[in-house]
Amino acid sequence: MSSPVLAATGLTKSYGRVEALRGTDFELRPGEVLAIIGDNGAGKSTLIKCLSGATTPDTGTLLLDGEPVHFRDPQQAQAAGIETVYQTLAVTPALDIASNLYLGREQRKKGPLGSILRLLDTAGMRREAEAAVKRLGIATLQDITQTVETLSGGQRQAVAVARAAAFGSKVVILDEPTAALGVRESGQVADLIKQLRESGLPIVLISHDMPLVFELADRIHVQRLGRRAAVITPATHSMEDAVAIMTGARAA
Amino acid sequence: MTTTEPTTTELPTRRRGSPIQALLHSHPSLGPLVVLILAAIVFDLINNRFLNPTNLSIMLQQVAVVGLLALGQTVIILTAGIDLSVGAAMILVQMLMAELAIADGMPTVLALLIGLVGALATGLVNGLLVTRFRVPPFIGTLGTLGVFTAIGLKYANGQTLTPKPGSLLLWTGQPIEFGSFHITVGVLLMILLYLLLGYALGRTAWGKHVYAVGDDAEAARLAGIRTARLLLSVYLVAGLVYGIAAWVQIGRVGDASTDISSTLNLDSITAVVIGGVSLFGGRGLVLGTLFGALIVQVFQNGLALAGVQDLYQQLAEGLLVIAAVSLDRWIRKVRT
Amino acid sequence: MSGVGKTGVSRRLAVSACAAGMAIGLIALSACSGGGSGGSASGTKVALILKEFTNPYWISMENSAKAEATKLGVSLDVTAGNSDDDTSSQINQIDQAIAAGDKGIIIALNGDAVNSALQQAKSAGLVVVAVDTPPIPASAADVTYATDNTQAGTLDGRWMAAKLGGHSADIAMLDDLANQVITVDVDRDHGFLTGMGIPVGNPNVNGAEPTSGHYTGGKGGSYSIACQQPTNGSQTGGQSAMETCLSKDPNINVVYAINEPAAQGAAHALSAAGKSGVTVVAIDGGCGNLSFVANGQIGATAGQFPGKMAVEGVDAIANFAKSGKKPTNQAGQDFFNTGTQLYTDSAQPGVPSITSGAAAKLCWG
């Protein structure tokens, strides 16, 4: 068994009197899709924020490829190769698709135009954005220059996933990717995720959508009351089992 | 629900609202430009002295200071902030430059530089209030409005300081002639700064980040943008622009005093709003602000030339602002 | 270490503590430095409320008031509005004077809106002295010390008519405010028109005069009103207004300006436009502006005596404190006329005036 890409031990995090994480462990293996499920308040979002740098845990260790890491902000996590698609999407509606893809990582033109005048290589970024989008098999984002706010929920999701796929070199984290979508669009995002899996990148998927989880996940991390209650697989457990462990009706 | 489609994914597109909505959405300065052109045509029909080269020169000179103030204001408003201290900061810097050069006998270049540093300092204060102390921009700059005004009045002590003819302080009032049409160095500076900031906002990463932070600050942060640093830089840039405005003010009037309109902050915001820049952040171009400032000037001047009472000019301004904000709300409806 | 939760709360507390500390410090500072006397003379407290602090005219009035207050051992608290039309700040300042237990208020009011606050002050036993701008109605103050603004304007108008010597007049009227009607603005404007021999149209507002016709002052001649623009009494305002007026009518040869800053701005615009032979009149009489009278950029100006107004005002309240006798206007008059004189280096027959050199002894500031 190969060593985990991303691992955490004993994570705790409190917001005032609320203990969101009370000693959570976590392990993501190479090339796998790991789903995280859990009831509301179990600490899923907080766990993800610790992994993605959006927040720092109070205690506990985080290991990337076996090395301890501390992320003070999302930029550091991104620099380490961890890309996250947040539940709130973190896209800027006013900017176009290419700008969103490259937000925070804009490319400048080569030479003095770029270094002195700080001119952006807009054409270059647009080209690469189109390529990234095509790679994921998204066909109908016809106009790479249209602003994100004119896109439907599913399309915005696609842009966010495309961004993660383009820059993620170690891990991609998807936080509730289908939460705001209808049945048809959810199915299409599921296809997107399958495409992503093809690339070999390990994926962390948080979702309430049990059928989706059981369709896509290799392993399932069950979060409960601030701790990892169990790790199961779709092969060995059923959806009912998973829900039972989630709610505490049953031990792992 | 798996489908047996091939590997390409079709995603539904939604209607984008009416074509006009979409057009105004992608070109937010179009509305103000149309209004500007229409107004100019109408006023010229009423009094054909309006489009006279002399009159056009006058309007540009009259708009230079507010135009610059509105430019700084635009960058701040793009981040969903606002700056109520803008006029007071300009007056303070103007007195600082004049006092140092005239009363204290400092070499003018040095006085100007120190004045610009002072301008940056006012921007720093506002920026720190917003980023370090998390004070909402409206409240923070309302506070600094009072502080800068008081410091300015105390420093000036009612004096009017007049630079000697030929002083560098007056350089911004120097005319540049093109036949019967002439502008001043100050107007040129205004245009140059608009071009510079327009470039920065449209073609650099910093510009994209300004829009991103204004549109959705949390999304920008999660995308990895250092929002606090970005906001601070915005207030500093605005401060510097106000410093240049102070220099232009001295050149235009020929001296420095605190006896300047106290509604400069509202005038700058009016120009920004009429120019199609959204008060909610993330949308609009500095070009729009330039149109907005010109529109206000055109109405002021045009109504005066038409012999209409000044009251109606204020009415017109008020109506333009309401129209501009309503239009912005309507355009924003182009969402799914 | 993101600023959520505990760190955020303590940061807020720190900011509030700093702000409170600063505020207390500022109040302490102002308590020490405020007041014209040596700071220790208690007893009679007087509030001086000026229009604003930007026009040197008010600074001069403030200095005269402080000097008189020191002489009499009266404690003076000086405040002002933010601009020539800011009545809201002045209302607050009147309320503060009542609350502070001042004996009286000297006010150069920015508009009628302060009248009810002044009434409250009177009911609370304070004496109300109006300076520079007579209130409408005059009874809103116990006594008023002001220039007879109509007389000042008329002096300007008669001088201008005499100087024109029968030539036609192409007139620019540069008034003060656009959004308020105050006595100073209307009286000076109408005074000028009357002096020129032009009917005023409506006695209550500016801009209602017939736009062309025949003026009867001096040798008489034809006139037209080329434009009527507000300036806010400031230099920038005067400059912009003059530029716009010239755009409308490049043949303007007569300019009436509400005060000297506006006139200076107008003169600047005129010279920038290369215009000569345009005569500008103003009202003020500031020492700093006499050079403009000397070089002709301001043809004539009707001088005021703000120092006299301030001194009379402080005296009236000190007197009230001592004797309990309230000051009143002279019978049949709405205000005490502190006088006006025409300063010009181009004297005209039939119009009394003194030269700018002689005015150096009478000017203020």
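A, B and C are the chain letters, set down in written order, and residue numbers restart from 1 in every chain.
By our rule, a residue touches a chain if its C-beta (ideal position, glycine included) is under 8 Å from a C-beta of that chain, and two chains touch if they have at least 3 such contacts.
Just so it is clear, the model here is predicted, and its values are computed rather than measured.
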A-B compared against B-C, more contacting pairs: A-B
Distance-to-centre winner among chains (Cα means, whole assembly as reference): B
Averaged-CA centre spacing for the pair chain C and chain A, given as whole angstrom: 68
Chain A and chain B, separation of their C-alpha mean positions in angstrom: 40
Centre-of-Cα separation between chain C and chain B, whole angstrom: 32
Residue ranges of chain B in contact with chain C within the complex: 47, 49, 52, 54-55, 58, 61-62, 133-135, 149, 153, 157-160, 175, 249, 252-255, 257-263, 300-301, 304-305, 307, 309-311, 313-314
For the chain B and chain A complex, residues of the former touching the latter: 1-3, 5, 7-14, 16, 25-26, 200, 203-206, 208-209, 211-212, 214-216, 218-226, 282-283, 334-336
Partner chain B, residues of chain C touching it in the complex: 3, 8, 11-12, 15, 52-56, 58-60, 82-83, 86, 178-179, 207, 227, 229-230, 232-237, 239-240, 243-248, 250, 261, 265, 268, 272-273, 288
Residue ranges of chain A touching chain B (in the complex, touch as defined): 54, 73-75, 78, 84, 86, 88-95, 99, 103-106, 108, 118-120, 122, 136-142, 147, 149-155, 158, 183, 185-188, 190-192, 195, 211, 215
